[in-house]
Amino acid sequence: MANNLVWKLCRPTVFRHLASLRSGAEIRHFSSSDPPPENISRYPVPYKKDLPHDIVDLMEEVESKGGFLPNVFKVLSHRPAEFRAFFSYYNELMNKETGGLTKADRELIVVATSLHNKCLYCVVSHSALHRIYSKKPTLSDQVIVNYENAELSARERAMLDFAMAVCRCDTITEQHFQSLEEVGFDREDAWDISAITAFFAMSNRLAHLTDMRPNLEFYNMGRMPRDKNKDKGNVKGE
Amino acid sequence: MANNLVWKLCRPTVFRHLASLRSGAEIRHFSSSDPPPENISRYPVPYKKDLPHDIVDLMEEVESKGGFLPNVFKVLSHRPAEFRAFFSYYNELMNKETGGLTKADRELIVVATSLHNKCLYCVVSHSALHRIYSKKPTLSDQVIVNYENAELSARERAMLDFAMAVCRCDTITEQHFQSLEEVGFDREDAWDISAITAFFAMSNRLAHLTDMRPNLEFYNMGRMPRDKNKDKGNVKGE
Amino acid sequence: MANNLVWKLCRPTVFRHLASLRSGAEIRHFSSSDPPPENISRYPVPYKKDLPHDIVDLMEEVESKGGFLPNVFKVLSHRPAEFRAFFSYYNELMNKETGGLTKADRELIVVATSLHNKCLYCVVSHSALHRIYSKKPTLSDQVIVNYENAELSARERAMLDFAMAVCRCDTITEQHFQSLEEVGFDREDAWDISAITAFFAMSNRLAHLTDMRPNLEFYNMGRMPRDKNKDKGNVKGE
Amino acid sequence: MANNLVWKLCRPTVFRHLASLRSGAEIRHFSSSDPPPENISRYPVPYKKDLPHDIVDLMEEVESKGGFLPNVFKVLSHRPAEFRAFFSYYNELMNKETGGLTKADRELIVVATSLHNKCLYCVVSHSALHRIYSKKPTLSDQVIVNYENAELSARERAMLDFAMAVCRCDTITEQHFQSLEEVGFDREDAWDISAITAFFAMSNRLAHLTDMRPNLEFYNMGRMPRDKNKDKGNVKGE
Amino acid sequence: MANNLVWKLCRPTVFRHLASLRSGAEIRHFSSSDPPPENISRYPVPYKKDLPHDIVDLMEEVESKGGFLPNVFKVLSHRPAEFRAFFSYYNELMNKETGGLTKADRELIVVATSLHNKCLYCVVSHSALHRIYSKKPTLSDQVIVNYENAELSARERAMLDFAMAVCRCDTITEQHFQSLEEVGFDREDAWDISAITAFFAMSNRLAHLTDMRPNLEFYNMGRMPRDKNKDKGNVKGE
Amino acid sequence: MANNLVWKLCRPTVFRHLASLRSGAEIRHFSSSDPPPENISRYPVPYKKDLPHDIVDLMEEVESKGGFLPNVFKVLSHRPAEFRAFFSYYNELMNKETGGLTKADRELIVVATSLHNKCLYCVVSHSALHRIYSKKPTLSDQVIVNYENAELSARERAMLDFAMAVCRCDTITEQHFQSLEEVGFDREDAWDISAITAFFAMSNRLAHLTDMRPNLEFYNMGRMPRDKNKDKGNVKGE
């Protein structure tokens, strides 16, 4: 199946971390028999039973791994063909295993881009992912207010300066690439930074269109230091 | 093959018109034995022989139908996996056969969006496509300077007003949808308008990154009224 | 003593809530024998022993009630006379017991204003206070990204629209007051909204000057629902 | 009395110059028996008889020294507690006797800040004070139009560049401080410049709220060179 | 002579008022034997003896009528042919005897336009002319800070709203003309308003190029109420 | 006759090139007996028979040389006196035979300025003139989208950087002149660049006022390489 194969490209490692953090009690399960929640999109959210199998399969894999299904999957399933293209592209950019960007770097770019574009869904969800990947529970909050005086390394600052130049549609010059090279990024990293910023230029605007609302889980995810004693028993506090 | 199947989704009717207009003499063929042109991207453009078969197949189909290969295919083939996601998404949005938007409408949205984002490649190439689809050889030039006083219908103006709101990341409200409904667009059309604007928010930024240059063919395409006498023989003059 | 009397005007109820929430283990005590932390201001932070008694008294009262001393007290004590004027003014505006604004309303105005002015300290600290007063743990995060699509009441939205007009130095007209009156605010409330926005126009700029850093406590304060069982014993989990 | 003591802090030398310049015939006396003028504020202006004694005392001292009572005193007396905080703070910043800023420097900062914020009251009144302190009758008019090509010293220009960075909420960096140091300002001067700009960020917004109108006296004050011969007889030319 | 005839079109009534107001002692005569002042332009200012006769004739007529020669004549005489075109155009727009705009209206448009364009020369000189024509000595100062809350009539406000729309290159619509018609301006008045704003869009930029400095006389001109007793004798005090 | 003499100053070489390119069949003649076209201006366009002789003479000379009469002549003839001043000034700036700017340079400045000001008429007509003078059929299209990444020489780029600084009313400094000098422009060239940008700051605003529409001929003029064989017979294809 074509769609199946498309989805084989997806390696949603993004969601693996979430799974280990989830608290069963706090998660609203979204099953095929439930009516879809109505307040997460301006557009109708399809019932699972009405969605193509490949999309349901992906949703269930994501939910199973991450503990809950991020609303972007529900909201964009209103257009299955676009859903496939969107997540295929997303997967290429955000789950790439090569290059100089860490997962935390990628999320930081998304946070800065999405704040610039005033996108509630993406800021809230990707600042959560940044907190988890970076293990820095306050840095994304700083970047949200003003990345220019956040507690960034020189490398992170150059990365966000470049991302913001792309975000604003500045004309990119050799000077921009040199600023990246001074902190150790090569031209392929520059492409990665730009492609992420560019993809979220799209994603942020789709969220504005649909008035996409973030899952409540995202707001607090990754804020608390993990309590090792608690981890032996039930996971709590997230 | 997965990729093959992905590409079956592509119905590049975009390029069919171009084919009927092409003048053999004016087209620079890009064959697998030629060195890739160096001045169309800041990043290396792969030789065809080094590209995956599905990408070469798509390129050859596009070139065969349209008479020349738009540079965006060459430039983005630097990243084959992203290339596939990009054109799969593009195809869904621009070659969709349903909904209230004509092909000319879609191109007009791209022109207005891309001018806002100062994207040379997309303005030049999609204003060419708009001229062909709309058979209005001067309207895109007007929109490029100032869509607010271009010779647009009320419907086109409302469409571009909505697209520009999305382009600027304005917070979208019911008022925006009502303005569309007053000229006959429904909410699915609103999604189409937004998704196109959003996709080119991404595409324009990739073009800035790569300093993507438009094919010379695009600049004059669709400017001249077709000469019926000439059409009996060879197509020329474009 | 004059200064004493000035401070009698201060009724730092702001800090009372904090006290009931504090977790002893999480609080870094700031005693007169400790060296002042160096990374909270670009300017020297005085030792308590070098500060005037009235300022030390106020600091100790605030710390005693709130569980920790917000860094703004330490940073601004570099200039004792300005410190007195600043907190005297702050107290008048934020701890006022009359008028139509709730404490949560006041904090929401500060959050929106301070985000507009890109002030890290004030966004982080006052979004904490908003979470506590409003018992809405996610609303300030929404306002930080984009107050226009946050889950605000019509009354809150009109309040922030007015505050933002003042924040941007728009020329204020009767139309602005009418928009407030439609949701139940009178002209004295309009003064309160404006005076808070205006005061933080000042405060935000002082924070930029000093590169004032928020206490770590603020980032997570008020995010977690209170655990009723725990409340019977010691307050924890904040 | 606390309030009395607060006001002892005030040394309104600002107004001393005004007194020496006043022409009895031109001054509209504001006595406790007169009705307050209605066109200087959008909010009610209290009768003196209804104001607290400490505020009346201050007003009378200012009027006695300066020859007329600036409208800001009347307008802000609508809120006596805020009035006290406002003028206590103002006094600390503008009448400070130490540091590298002259009185003319302070007023120039206020003029540039207030023009940026489009504040009629503060531009008109503080350009008057600048003319008096600086004895340069045209410089403030130049700064009002465009401080970048006004006839400023390098020191004044660096001072206003820094003030404008604070005024715009730019992120302040070491580079900003270095630019000040190159013309002889130290970090305490930087604080002074910023605090004045920050205070008028507040003051300008209160003037917008109240639609505060400048006293007519301010418009021409300090424009004419003093004619010593004339001073012996009637005061003229002001 | 052609040039002579061109200048016959000039009816420099602008300068007539100045003449009646001038104080001999305050005027720096600019005679053909003097070296030209060096600080009024970034470009060389020609000696009168090196200028064409028609330009010298115009300068002398203007100086004779107005009491001093505005620096714009000296600065632009660097390019005699452009000088002629500039003042011929200026004369058509500013000295026109027909239509709904008073001379004070025209000057008010120039002040608002020139402030928007940050043009020192034109703001200072035309606010002087506005004071004289309008006999309102403070209105232009108000417009300079913020025309939106200046003490304007509804007619003046609509006039400046239209001028500012033209000044910003907004797309002009029927709505703009209707707003003018509501206060009594017809379409020919709209042309006059626009043409003045457009001409000073040019003039302001030439002043920026040349760093044109206003004559000192302009700063205080028209600020003082005329003293009727003095008027019987010599005109002074302006 | 004065007017006649004014027009002797005009050497409309601008239009000479157009003449050699015109295709008789494509030109809509505008004769004195025809009704004026109604869709080229928001204001009435006079009949030739109602216009002063000198204006008709100029129009006929321009039409005779260029093959058609650019609409700006028709639209501005609504105000004959302003028409004379406008074209006299235009002629000085655009047809000047001395200095470092080529005709193509001048047109490029106009294109960049007019796009900045969103002026349809001037962008379309002067990009046509640029194509003819420069023999570069695509450069103006690039400048229209984004002059920063157009295929400009360093000299052209510095020229447009300076023009844009003037266009935006930036404060012009010695640094600006040095940037020009580095690519070979002297101060008189700087004046020329500025004066052209300034003149079109005016012209663009008049076009906005009148909703001036470009002649259809301009859109395609100069896009096609001249076919020498065809030139022997009829001129076609433009």
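For reference, chains read A, B, C, D, E and F in written order, and residue numbers begin at 1 within each chain.
Heads up, the rule we're going with is that a contact is a pair of C-beta atoms (placed from the backbone, for glycine too) under 8 Å apart; a residue touches a chain by one contact, two chains touch by 3 or more.
Keep in mind it's a predicted model, so treat the numbers as computed, not measured.
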Every chain in contact with both subunit A and subunit B is listed here as C, F
Relative to subunit D, which chain has the most distant C-alpha mean position?
B
Expressed in ° and rounded to a multiple of 5, what is the rotation angle of the C-alpha superposition of subunit B on subunit C?
120
Have a look at where subunit D meets subunit E and say same if over half of the interface residue numbers show up on both copies, different if under half do.
same
Name the chain whose C-alpha centroid is farthest from the C-alpha centroid of subunit C.
F
Between subunit F and subunit C, distance of the C-alpha-averaged centres to the nearest whole Å
59
Using mean C-alpha positions as chain centres, tell me how far subunit E is from subunit F in Å, no decimals.
28
Inter-centroid spacing, subunit E versus subunit B (mean Cα positions, whole Å)
51
For subunit A, residues contacting two or more additional chains:
118-119, 146, 148-149, 171, 208, 211
What's the complete list of touching chain pairs for this entry?
A-B, A-C, A-D, A-F, B-C, B-E, B-F, C-D, C-E, D-E, D-F, E-F
In the complex, the residues of subunit D that touch subunit C are 2, 5-6, 8-9, 42-43, 78-79, 81-82, 84-86, 88-89, 92-93, 117-119, 166-167, 169-172, 187, 190-191, 194-195, 197-199, 201-206, 208-209, 211
Touching residues on subunit C, where the partner in the complex is subunit E
171
Contact residues on subunit D for subunit E in the complex?
114-115, 118-120, 123-124, 137-138, 141-142, 144-146, 148-150, 208, 211, 216, 219-220, 223-224, 236-237
Counting only contacts in the complex, subunit C reaches subunit B at residues 146, 148-149
